[in-house]
Amino acid sequence: METRSFKVSYSPHVHNGASVHKIMWNVFLALVPATAVSVYAFGINAVRVLFVSTFFAIFFEALALLMRKRDWKQCFDGSAALSGLLLGLTLPPGISTPIIMIGSFVAIIVAKQVFGGIGSNPFNPALTGRVFLLIAFTEPMTTWPLPRGIEQAKNYLGLATTKTADAITAATPLAAIKEHASKAMPNVSLNDLFFGLHTPGSIGEISVLALLIGAAWLLYKKIITWHIPVSTILTVFVIATITHFLSPAKYPHPFFHMFAGGLIIGAFFMATDYVTAPIWPMGKLIFGIGVGLLTIVIRLWGGYPEGISFAILIMNATTPLIDKWTVPGPFGSKTLRRQS
Amino acid sequence: MRAVKEFTKGFWRENASLVLLLGMCPTLAVTTSAFNGLGMGLATTAVLLGSNVIISLIAGIIPKKVRIPSYIVVIATLVTLVDMFMAAYAPDLHSALGLFIPLIVVNCIILGRAEAFASRNSVFYSFLDALGIGLGFAITLFVVGAIREILGNGTLTVFQYKETLINFVIYHKETIKPITVFILAPGAFLTLGFLLALKNYIDNLIKN
Amino acid sequence: MQYLLLAINSVFIGNLILSKFLGICPFLGVSRKVSTALGMSMAVLFVMTMASTVTWVLFYTLLEPFGLEYLRTIVFILVIASLVQLTEMAIQKISPALYEALGIYLPLITTNCAILGVAIDTIEKGYNFVGMLVYAVFGAIGFALALLLFAGLRERLETSDVPDAFKGAASSLIVAGILSLAFMGFSGLVPG
Amino acid sequence: MSGIKSFNGGIHPAYNKDLTSGSETVLMPAPERLVVPVGQHIGAPANPVVKKGDIVKLGQMIAEPGGFVSSPVHSPVSGKVISVQPEEHPMGSRIMAITIENDGEDTMVEHQTISEPLEKDPDELKEIVKNSGIVGMGGATFPSHVKLSPPADKPIDFIILNGAECEPYLTADHRLMLENPESIVSGLEIISHITGVKKLYIGIEINKPDAIKKITKALGKKGTVVPLAVKYPQGAEKQLIKAVTGREVPPKHLPMEVGAIVFNVATAHAINKAVTEGIPLFERIVTVTGHGVQKPGNFLVRTGTMVSEVVDFSGGYTDDAAQLILGGPMMGKSSATDGVPVIKGTGGILVLPSAEMLTDAWGPCIRCGMCLRACPNQQNPQLLGNLIEKGLFDKITEDKLEEIVLDDCFECGSCTFVCPANRPIVQFFHMAKAYFRAQKRK
Amino acid sequence: MSEILTAILVLTGVGLAAGLLLSYFSRVFYVEEDPRIDLVEEALPGANCGACGMAGCRDYAKAVATSQDVPGCPVGGPETAVKIAEIMGSEASEVEKMVALVKCAGTMERTTRRGELVGISDCRSASLIGGNKECRYGCLGYGDCMSVCPVNAIKIYSGNIAVVDPDVCIGCGLCVKACPLGIIDMVPASRTMHVLCSSKDAGAQVKKACQVGCIGCKICSRKDSSFQIEDNLAVFTGTEGNADAPFVCPNDVIVDTRVYSVLSFVESEKAREHFTNAKEKFKTLEREERARIAAEKKAALEKAKNSEKKDDEKIKKSAEKQSRED
């Protein structure tokens, strides 16, 4: 009897075609509106920052893979590029190129490849890079050129602007609040914050609208779930509301906290990073509340005007514990509980 | 040559910080400048020398039950001596190292060497062992301090005593911005982490 | 209020491990598993409170009146060592279950520089009795927090594909570095 | 549609059922030589009662049960036993098998037919089911008489027939429901009579409207047809019970814990045949399908027929046939050779061309959580997969997770199906099961 | 002066108080623990490898101190056993140094392949799906044993055969546990004769699957009684064995490590060639011997025919003797 030999593999023998690659490029796609707005607002400078951060992220990834004797082509799987782009989006537009390179190095090598590359990093690479730069190069990291084409720059927030070699700079709305916490509340239009063309800030955080468009795409493609962003933003909103109504002169309006700074980009694009966020719905809610809480605490009472980067990094550290303690019961455990 | 072996092992093969992972607290805490690291290393070496010699001398007469307490008393006495000596002759360094001078008492290197080596070996070898391990530790601290200082401040302080200051400027803060985070706590962890990895990497290379 | 700030300061800003570098040895050694880290944290909390209290009392009743401040190191370490040993024996006798859970960490604590460090630091900073107590308890809580977070992260690293050179202490130190970086976000939370 | 029921989790694979759902079942003549393994069911293997040289008749018992959870094996043809020795088994091991040379006569062994089964004593009927070697034909091959004997302290409320057939490609049950609805309903009545349970359900996925129609018609007022959402693994026992009754079977427990017993429609058909016609289980409908065969179709095949012969009969392989899967693509077993016999649980022969084979390149887990959402058992495939990959079995034991691996995961493959990193999670679980079983034996 | 005095007094006081307190409470809180545990632990190698089956050396020491029936420490070997026996005051149970042996020589060229595995490259996993060789007892060669070996004594050769270096092996037995097929055995290091096959299949099946598989023909056991056939598989139970045994095996499954190392026997084509030549030579010799005996027998019989009955018994005896020797 004639028999035939076949290739043997493990079940299941079909797959839905999802891949890490596709997920990463979808997130990229979701960041396109924010990138476009930033390029419009900050011009060639934004392009430079984003290009350098992304390019060097991929470069360091390839370097690390080569050193680890892995297939260097894996550097194009999108994860390194995404980390690089996100890093670039969190930097001020005027930052110098060597500093961006250091940021990419920290993000890819120190925060990711040291622990084994994709999937292994305990902390969000982009944010690690950003926080490192913030603490290492405080001054350049807190110099914010104004978006171009603003005639009323001098009157912006009623604050003095400074003229440096190539741009007019001013404090971000959050920094302005911090500096003036004891004096009068600077008047910032929520409209400006929402559309983002008239406020200084990190490249990617200025336009809330553009970020929300991207976030909607991610939610639509089911790449992220609502748990983390909603719980984060809600926590910030609730605490900001309470403090605002307790002392309106001292604490700004809750919508100001929602739209100013990096809350939106952080909540939707950074805190939801698969690798560093909890995995179960319950854990995601706890994580989100933690991020929101820490963010608003640092914003209102801490030394830094913006706290979301620190908040996410600190909560990243709690992820393994949250994961450990929020595992839901398996199928049918409800029945058991009812019986006993 | 056993003597040579006992002396040299501390520099690489049994390096206290990098291999045995002992005395990590001072390695991280006081290495904000190369000289601070060196000072701490030498202070530790001094205590280690004293304790190793004394303990190898008296090991025979100490009853087994009170072994550890006796060692601690000896070490604590030596540490207090060094503390006072430094306060008198190198006040700058003393204040820079601060809390970590009395904490030499609980530096596992010293008790570890006493327990594992000095109590079982002759005075001569104990002395060499202490010298090797101590200097190895001091050099490691110096290197960690040097890296942190260069990256975080752009300088390299080799010697500092009262008015005398030997200080190399590696680059100017005005032209190149130093990565100040290396002087701070996170920089200590990162520097030592990468140094350890480098050591492992070289070891792996040698092994293969 | 003053004590609240001191508490926040001890847990977050001046964290024993992440900013003062005290107790690094157990931090690296006993953080392989969350359960172990929990046991160690409890043991440290217990011993640190007790040791700080006893040494504080001893310092202000015995050493200072006699002008023997220079005997601080030697007396403190002696007291701590006997205290730890005493506790160990007591627990072993009174509650074997507790001994199983905590006892095995006790010998490690003698050489934990966090204990002696805090004891000496309270004297150097000149805290009063309540300040000392707050400092010791919340210092230990800060220690526990860092240790627990760290243990969780290390448990996760075990399933990661860490490069050979970074296996073990190296990657742990870098985790600690990033954690310390993140904790710097708390700076400025407490004035002064 | 609110009437359509389902469970949480699950996936939507491409069903590919139209390859064969339209082709009527074709009777395949018994080949010249059949290799009948004694292990065709879960539980203790049967013990051969014939030896080399014996003459056997069609339907004669050739191996007796090796215990309570075991089942006899019957000769699928009449002829001569030419060897009793270990042979290749579809599950990949080598197991004792009885090779019979077919004399082509199909002389049937003495048997009794019962025209009015519902008047008979239930215990007598149960005995017939037991002696006829009826096992669960959905693939699990659990001996049916065991299911028909629930302990007295577990009252049974529901009997559910499983017509979901959620595995992609397979249409054997679908065809059976279309071609033999009365037999299925009669089988269900016999089961109801044996167990004394009056609430009868037949769950069918709504992608088989013709089957729903036919079964509803045949069933009349005797029970209820439950339309089920098209989702994999809808046909898994616990998920089916959840969908039909809303009850969740607790982990490590049998369906009878929540008062339900589930049978496959093919099992009901086999029970009916055994009771009314006195024909034991020695043939079944096999779907031969996939783009690796020339003419996909459904065939009524005797157990012991070589897979190669079935494929030949159907029309042969295509040139680029690369992978042979016994069962469906989700839970079926990839076989290295087609020199293995069809057994009672073989519902499908799926042949994939090399172009449809999956890549074996997989990457590290990125913790996206898709597997957790897909898992119909709300398990933790992410963590366990990672631990097993690194061989950290001690850690699993420490956190008391091995019971999940051993008892709860039924390897439906949903997690692996959705994993963007293409991780072989099911295989990790499979390995862990082997490890812990070995551990337990020690 | 008085300052020094107070210092001394305080120190002594503190020391005294601590010492008294401790010694008092050590009596109050005394918990009995066998002092021998510490001694035994000190005598152990301290590798904490778990090869003995306990959770580390301390656990082993506890077990030794509390019960008599504890297996010897496989890593420490006889030396440690003697030391422990001294501490425990009992006779050392003789512990022989054991090494691991992979009982398979079926390299790629010598075996029939089956299927082609796509997916996890790992023995445990491959064994579940039926392996990659026709033979179910053949080394899968994905190196599960290699990865658990603490001393790197195992390497994978010829693509899919694991071979243990007996000089490096410390006999911890971890590879035995790691092998899903159970084809690794611990054998005494002094043993020089090994059967390099684990197949319990019937002869015909083995022949189909492998060129160097044991078919259970019993020729070796007839030649040397220390070979025994269990489940169609020859098992060697002695230590040295008859030097001719490898030559009589029709499928070349037996290796004599005094002549070839296991590695060269499995891996080196040259060694195999050499072995085949030697075997040929041995066979020719044996054939000549057999021919000689047959000739003698024939001659004797003829002689007997020729001579009278008086020689009959004598001849019969010699013939019997010769036939026995056959």
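Observations on the structure shown:
As written, the chains take the letters A, B, C, D and E, and residue 1 is the first residue of each chain.
Methods note: contacts are C-beta pairs under 8 Å (C-beta built on N, C-alpha and C of every residue); 3 or more make two chains touch, one makes a residue touch a chain.
No experiment lies behind these values; they were computed from the predicted model shown.
Between the contact lists of chain B and chain E, the overlap consists of A, C. With centres defined by CA atoms alone, the chain at the far end from chain A is E.
Two chain pairs are in question, A-C and D-E; the one with more C-beta pairs in contact is A-C. Centroid analysis (C-alpha atoms only) places D farthest from chain C. Centre-to-centre separation between chain B and chain C, using Cα means, comes to 22 Å. Centre to centre, using the average C-alpha position, chain B and chain D are separated by 69 Å. Annotation: 50 Å between the Cα-based centres of chain C and chain E. Spacing of chain C relative to chain D, judged by their CA centroids, is 59 angstrom.
Across the assembly, chain B contributes residues 69, 73, 181, 184, 186, 190, 193, 197 that each touch 2 or more other chains. In chain C, the residues that reach two or more other chains under the touch definition are 71, 74, 78, 81-82, 160-161, 166, 170-171, 174, 177-178, 181, 184. For chain D, residues that reach two or more other chains under the stated contact definition are 333-337, 357, 360, 364-365, 424, 427, 430. Residue ranges of chain D in contact with chain A, taken from their complex: 8, 11-14, 33, 168, 238, 242, 247-251, 253, 257-258, 306, 308-309, 317, 321-325, 329-339, 350, 352, 354, 357-358, 360, 363-370, 372, 376-380, 382-383, 404, 408, 411, 413, 416-422, 424, 426-427, 430. Chain contact summary for the complex, chain A toward chain B: residues 99, 102, 110, 114, 132, 135-138, 140. Residues 18-25, 28-29, 70-74, 77-78, 81-82, 110-113, 115-117, 120-121, 124, 164-167, 169-174, 176-178, 180-181, 184 of chain C are the ones that touch chain B when the two sit in their complex.
Those residues of chain E lying in contact with chain C across their complex are 3, 6-7, 10-11, 14-15, 18-19, 21-22, 25-26, 28-31.
Put simply, chain D touches chain E in their complex at residues 85-86, 92-94, 333-337, 357, 360, 424, 427-428, 430-431, 434-435.
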